[in-house]
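This is the structure I want to talk about, given as structure tokens.
A, B, C, D, E, F, G and H are the chain letters, set down in written order, and residue numbers restart from 1 in every chain.
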Amino acid sequence: MEQKELRQLLKDVANNKIEVEEALLKIKEEPFEDLDFAKIDHHRAIRQGIAEVIYGAGKTPEQIVKIAEAMQKKGQKTILITRMSKEAAVYAQDKLSDFQYDELSKVAIAGKLPKPDGQGKIVVATGGTSDMPVAEEAAKTAEAFGNEVVRLYDVGVAGLHRLTRHMDEIMSANVIIAIAGMEGALASVIGGLADCPVIAVPTSVGYGAAFGGLSALLSMLNSCASGVSVVNIDNGYGAAYQASMINHMGQV
Amino acid sequence: MEQKELRQLLKDVANNKIEVEEALLKIKEEPFEDLDFAKIDHHRAIRQGIAEVIYGAGKTPEQIVKIAEAMQKKGQKTILITRMSKEAAVYAQDKLSDFQYDELSKVAIAGKLPKPDGQGKIVVATGGTSDMPVAEEAAKTAEAFGNEVVRLYDVGVAGLHRLTRHMDEIMSANVIIAIAGMEGALASVIGGLADCPVIAVPTSVGYGAAFGGLSALLSMLNSCASGVSVVNIDNGYGAAYQASMINHMGQV
Amino acid sequence: MEQKELRQLLKDVANNKIEVEEALLKIKEEPFEDLDFAKIDHHRAIRQGIAEVIYGAGKTPEQIVKIAEAMQKKGQKTILITRMSKEAAVYAQDKLSDFQYDELSKVAIAGKLPKPDGQGKIVVATGGTSDMPVAEEAAKTAEAFGNEVVRLYDVGVAGLHRLTRHMDEIMSANVIIAIAGMEGALASVIGGLADCPVIAVPTSVGYGAAFGGLSALLSMLNSCASGVSVVNIDNGYGAAYQASMINHMGQV
Amino acid sequence: MEQKELRQLLKDVANNKIEVEEALLKIKEEPFEDLDFAKIDHHRAIRQGIAEVIYGAGKTPEQIVKIAEAMQKKGQKTILITRMSKEAAVYAQDKLSDFQYDELSKVAIAGKLPKPDGQGKIVVATGGTSDMPVAEEAAKTAEAFGNEVVRLYDVGVAGLHRLTRHMDEIMSANVIIAIAGMEGALASVIGGLADCPVIAVPTSVGYGAAFGGLSALLSMLNSCASGVSVVNIDNGYGAAYQASMINHMGQV
Amino acid sequence: MEQKELRQLLKDVANNKIEVEEALLKIKEEPFEDLDFAKIDHHRAIRQGIAEVIYGAGKTPEQIVKIAEAMQKKGQKTILITRMSKEAAVYAQDKLSDFQYDELSKVAIAGKLPKPDGQGKIVVATGGTSDMPVAEEAAKTAEAFGNEVVRLYDVGVAGLHRLTRHMDEIMSANVIIAIAGMEGALASVIGGLADCPVIAVPTSVGYGAAFGGLSALLSMLNSCASGVSVVNIDNGYGAAYQASMINHMGQV
Amino acid sequence: MEQKELRQLLKDVANNKIEVEEALLKIKEEPFEDLDFAKIDHHRAIRQGIAEVIYGAGKTPEQIVKIAEAMQKKGQKTILITRMSKEAAVYAQDKLSDFQYDELSKVAIAGKLPKPDGQGKIVVATGGTSDMPVAEEAAKTAEAFGNEVVRLYDVGVAGLHRLTRHMDEIMSANVIIAIAGMEGALASVIGGLADCPVIAVPTSVGYGAAFGGLSALLSMLNSCASGVSVVNIDNGYGAAYQASMINHMGQV
Amino acid sequence: MEQKELRQLLKDVANNKIEVEEALLKIKEEPFEDLDFAKIDHHRAIRQGIAEVIYGAGKTPEQIVKIAEAMQKKGQKTILITRMSKEAAVYAQDKLSDFQYDELSKVAIAGKLPKPDGQGKIVVATGGTSDMPVAEEAAKTAEAFGNEVVRLYDVGVAGLHRLTRHMDEIMSANVIIAIAGMEGALASVIGGLADCPVIAVPTSVGYGAAFGGLSALLSMLNSCASGVSVVNIDNGYGAAYQASMINHMGQV
Amino acid sequence: MEQKELRQLLKDVANNKIEVEEALLKIKEEPFEDLDFAKIDHHRAIRQGIAEVIYGAGKTPEQIVKIAEAMQKKGQKTILITRMSKEAAVYAQDKLSDFQYDELSKVAIAGKLPKPDGQGKIVVATGGTSDMPVAEEAAKTAEAFGNEVVRLYDVGVAGLHRLTRHMDEIMSANVIIAIAGMEGALASVIGGLADCPVIAVPTSVGYGAAFGGLSALLSMLNSCASGVSVVNIDNGYGAAYQASMINHMGQV
């Protein structure tokens, strides 16, 4: 309940248009609801076209489709489904309109992508080709949230020229998502080159002492470059969510 | 070397105003210099007034003062010194002009703070009072980089009302730095309430199974709230650096 | 051997109704037996109707059924079987009377649930829907031990209003079992809101730096809220066992 | 704000005894205040005499004394100060009335201990004499919260008879706090003998592969005995807080 | 080459019965051979009847059988095969004489068990029934090496009477192998009761914070009881090997 | 209470020399005492001369001396004090008779060393000279328990000849205590050479990835040599205790 | 772009053979290219015959074959494919000329092995037969890079004579690759015997406290022998790559 | 004992110039001595002038000086002392001739540095100035072993141009020692640029999630660049030892 609603309610009480007990119930039942809607308003009512998100892991194909259908019925134009199994995608294929599935990243989009309306570009860079599933989760998420995305894949630091060849893209980015497994050095090198926030995503790519992404995670947290923050291992979605927030700064 | 300088150099070669060997030397010696200056330009030449930074840890009082004096000689108006020992501060006291030292956070400022010129406010929130050293490092860094800072200290989740009482500050922030030790739950709760990027800083506050900040670090990386990224344990400076970048988005 | 039995035995010796050597043997052979029966007496003989428990993991379907049948033959009215595979449940289906199996939590009940006879209610709360298997193990265990259970699922801290909407249930609980994976912040937030013992159960829900429940476990151990204790990862049964003990405090 | 206050406020609005804007302000400013007071009411207003707590670690002697004096001025009869340095105790000695300090556990009590009013006894048991600092923190906390405490120190499992000799105390306890470092087996053995909730406290006692309490912590979390939950390493206070809650179950 | 052989060789050189170059070759080629045979002599030539061992893991059924056949051809009466897959056992069944396979422990014996010739008995005790695969590996290994074995299974510390009921076996053992997963407390409790060397074997039984046996391993290493040493997780064979050595002390 | 005492007590009851209630009390109060004395009997009453042990860590100089004096008063001829600070030793110097202190290992002996009465020799071997404090704790403990000790220090595997030069001592040992930090390879190499039980002691010697002894500990647990078991990091006392047990096998 | 090319380009500009803008483009587009080719030149153009490498993990059979075919078309005589699945090998079998696949190490060679042209021999030694997959990856890689390889398999330190019997090979090696799992002691022992660089490869062979190679990794990093460095767990390829570099030292 | 000595000894036996028993003793006492001397010969007898090494940690000033004096008496021209405390250096100052001490790296040289006689240069590069203590240990060790050393300090990857400006030194190195703490990315970037073996040294520089060098260690082990191997945290000496071996390849 927003402030003006509450003020109206109190006026109605003052004018005896509503019973005290009924007003009491309304206030008591929604003390936090307001926060909730406040948040949704800020985020969605004003910036039309942004995607709703379904986290597909641990949901049955039927559950996913049911939720998505409900969203589409409410007029939602773009629905992003992450961590969706191929089996679920096959099931959803002809039940959801404008459905597209990317097997590599396990990301699906139901509906049309919104037009990019951020301040600038989000660069998604990876150390190797094996990091692509995470990178595509990030890139597709960013697109579904209304961002222009530039993909720089396989620009790992062992072949520095592959990265520096793309200095233009790096210098013109508004936010960079740096994705790497193994030693995760990409985040530090990009953090040193770029002049914008870098969100680092460690991946579970590697073997042995990579310990499922721990090595890259620690590397990125200890980055000697300023302006680098880190999200969970393999969390392309989370990085893109924050990158989109940053890229829409100053917009209402 | 920027593109227009290189073009001029080549023209001079074409016009025989400069020897081939001399040009060769110039190009060879500075292939990366350009990147470097490019970065400095973006970041500093245009946005006047931002602070230079000295990382005080591991430097002698003499070294710190010498570096700061050189900066002031070059006309630098604000110098931020982090992780400065009290002993170094005492030494610097009357050697650097406009010198102020905060013993709690071990942060010193030499010179005047710039006027805030960011898009909005940066909220620095902590779970407890023991997190204040890290929080003040973050707050003072943000101020030195030209940001308006709102401090919300001791709003930990075990007394939720202390936090929710400040919903206005939280909803009006442009970036939030959430600082907590022990179980680090503050980042998730703020991440759920706020509608802006949250940069989480785990602290080494706690004992036993806190394992020097590991508990809070893992908590924050696994945050169930979207829009949260994490920096190293106790790294208030790093969080403020990125927060300032975000808060100056869209400005040149 | 309880005290009165021992006293009788000694009287019989004094009255020469029994040989010294025979008495010697009796005492020597059962020095610890008494503890054992004492425990069972306290727990079961007096509070009729409580369930016997079979830990199904690592037992064959045949073994489980055989044990349960023996219990039923001895007059046991309620048998709780935890961590029971679907395959074992199918096998047991028509061999055990009043058999019910919940595939999600892998918990089965053979016989009728006892009427709740605890002091108050046990609230079982989870951070997300993925924590439900553990939560149902806890809830069904608590019910089988004679407790009234209130389920509050998916009230994670990233959407605080979902939790605070249930303040009434939380304030009226006698014991709360707080179940969460990922960053495990639920335990701290509930611990801060509630005024009763909170038993926290970390779950292995999550990925990457969740490290199989380690993140939630450390979080919960470091809870800044008072009145929170912790059991093993995914140990819904253990939490419910202790919660039931607490909820039956003061009863004989 | 409690429900009846809110009802009265609305009635006042309906009767125009109070302005709409003023009512708006009142409601808006205290949405969470109610939770807070609700909690305090439950816990303290009704059960008079319980101690207020000051966590001494990281506070200056002056800060501690100032807080305690304020509490005493408000009529608080018992104040518990944990993790208080000897230096702080010396400073507080003649400033706080009825001040007693225990150097071993770093616990101080200002004021008189309340009379025990719990349902039964809390047994505090330790594996060795080195666990005594943690045990005394637990025991003194429990006493300050109005519990009768039975101390069973140095009853580690390597000399089982030392423990079993105290079967009477163990069987008659209402709650047991089992405190041990090294391999932490005490919790399991007591958990197997007793018929009441056991709260286990791992301690940092030990060396080498004890890893600062990690060994005991893992042991206790994996206890094969039912009815055991665990708090943070060396957290005697936390264990006593929950034990006291349990021991006052069913009381208002 | 043993000392007396070397002396003889040198005498032959002195007597010119053998060429210098030939002697040189003999000495050079076997400097370590002697150690090897020395060891085998001590262990096997004198104490007839002990088993040869094949570590089955990572070997094909064909390889195992071929090695065993070669051993039998050389007159080996007992062959112990550990970590043998069921598939390999089926293959070996009618190719090796007197072949017996235990599926639970994956141990096979080809040939007849030697008569026990140790000083006393080896007790193999486990905390639970789930530890039986490791326990049987230990027990069968000990038997194959000529020891009388007493099995005490499922005597975990949560039901202390189950263990203490067997005080006679424990007090009369020459060596005890204590096998437990989860919190591994069995080793400490037995170490405290017994008066002989205890070799502790942590097992990977358990879940969550058992971390694949780490919890039990640390517990056992930190045992507060004297006379306890530890082998690798699930290493029943290793414990039995050393136990057999100890049980044959003083024999040649 | 031993069996014959209990038999006598029962006879007294039968003969009415003692009241039933008095007998009841006697039996009830000492049900575990018997185990205790049984153990002491086996270990001490028969094998005269063995040392009593005081674990000095965490005890004040006064406490140590008081305990030792009490032991000497009871006629104890040898008292072993481990982990005794230099300060405590200075204090004890002229209060305890025949007092000798070794600063390196922090071990003191009060009284005379018993004559070796084990079956054979215990070899104490170390990888480097830095392992000597642990080694001397082991060696002095073994001597205090009546064993002949052979010291082989600084025979680490990086200079294999230093070790193999001592093949005679190794082959003639009854038990070997292998002590090493860093990579802990000594245990495996000795385990491969020797034909007797090897008890491995990892030490905290080393830096960096030695992680306080973890590296050596894991190495030793994973030893590819048979017949090796392991005790806690730096636990020279524990290794010697078990080694002495083994070396006195078969003796009463 | 190498220095002489750049000089020529500038001369062409001076001579107006090339336009300024065209020269600008050439320089700008390849600032790092030069580094790249420089590297390839050093490594390949001069030392003809060395293998190109394809890392097969995570690539489809089709992708591998396509890359290899392209290489062969460009005249590459030897192609090394590591971590190639059997399925991929079957697919590649008749598509690539001179194709050979080793199932154990998952290494394939397409084309002819180059003649060894290193300074000396590379010895590949393993602790056990289970380390052979890693060892063969190392050995085949070394051969594909033009080295003579000596294989010493199953020379683990538990049977020291197996290793020392090969002192000649060890002393005559130019580089040694020491491969071992479990306790990884082989690296230290070889490092102590040999007089050349030793590259240690921990393997994931083992169970329990081997923790997937962690034990061997830490051991090798802490080696008390000088001249030992370490690569990632199971990284036979990486060890061979560096060994080959060392073995070709001083060659152009 | 080398082969020719052994041959001569046997000839003497054959010619009866020496008694059988005396020859027996000689052979028996030195079976491994030969390996030892063999090694020293290769390494030292032929390449005159190389330094002897004393590891100063854990040795008293007196011990260090005594060992060094003995070495100088034997004619050793250069003695390298690592990890030497300032206190020890002050003590040694005027007792050892040509003594020089570097407080930063705790390295001392007694005597004159040998003339560089390696094949090429060893580059010692660090990520930051805080890594200098480790770097100087490496550099001084390399010089003491007869290598020309090029120092590239503070060339961390966050300012890539600082590193690439030194491409000439990097490309002309024979071996590179890459030293870095925090995220340790330097090793990968240099490994990607250089065409020679890179030995990576993680340092304990950093805080929080650097975990005492663990982050850099894992990074370097997982390097995506080929030709990189790793030594223990802070082990500058070890890296230099192997680098010197490589740099003297092919020399006798």
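Rule of thumb we're sticking to: contacts are C-beta pairs under 8 Å (C-beta built on N, C-alpha and C of every residue); 3 or more make two chains touch, one makes a residue touch a chain.
Please read all numbers here as calculations on a predicted model, not as lab measurements.
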item: Listed pair (E-F, D-F or F-G) duplicating the F-H contact set, over half by residue number; value: D-F
item: Between subunit D and subunit C, distance of the C-alpha-averaged centres to the nearest whole Å; value: 25
item: For subunit A paired with subunit C, centre-to-centre distance based on mean C-alpha positions, whole Å; value: 40
item: Distance between chain centroids, defined by C-alpha means - subunit D, subunit E (Å); value: 50
item: Subunit C-subunit F separation of Cα centroids, rounded to whole Å; value: 42
item: Touching two or more other chains - residue numbers and ranges from subunit B; value: 31, 35, 159-160, 164, 193, 208-210, 214, 217, 221-222, 226, 232-233
item: Listing of all chain pairs that touch each other, if any do; value: A-B, A-C, A-D, A-G, A-H, B-C, B-D, B-G, B-H, C-D, C-E, C-F, D-E, D-F, E-F, E-G, E-H, F-G, F-H, G-H
item: Interface residues, subunit F side, partner subunit C - complex; value: 3, 6-7, 10-11, 13-14, 16, 20-21, 23-24, 27-28, 31-32
item: Parts of subunit A lying in touch with subunit C, wherever the complex brings them together; value: 29, 31-33, 35-36, 58, 202, 204, 212-214, 217, 232-235
item: Subunit B residues within the subunit A interface of the complex; value: 35, 38-39, 42-43, 119, 164, 167, 171, 174, 193-197, 199, 217, 221-222, 226-233, 238-239, 241-242, 245-247, 249-250
item: Complex contact set, residues of subunit B against subunit C; value: 127-128, 156-160, 164, 182-185, 187-189, 191-193, 206, 208-211, 214-216, 218-226
item: Subunit G partner contacts - residues on subunit A that touch it in the complex; value: 129-130, 159-161, 164-165, 207-210
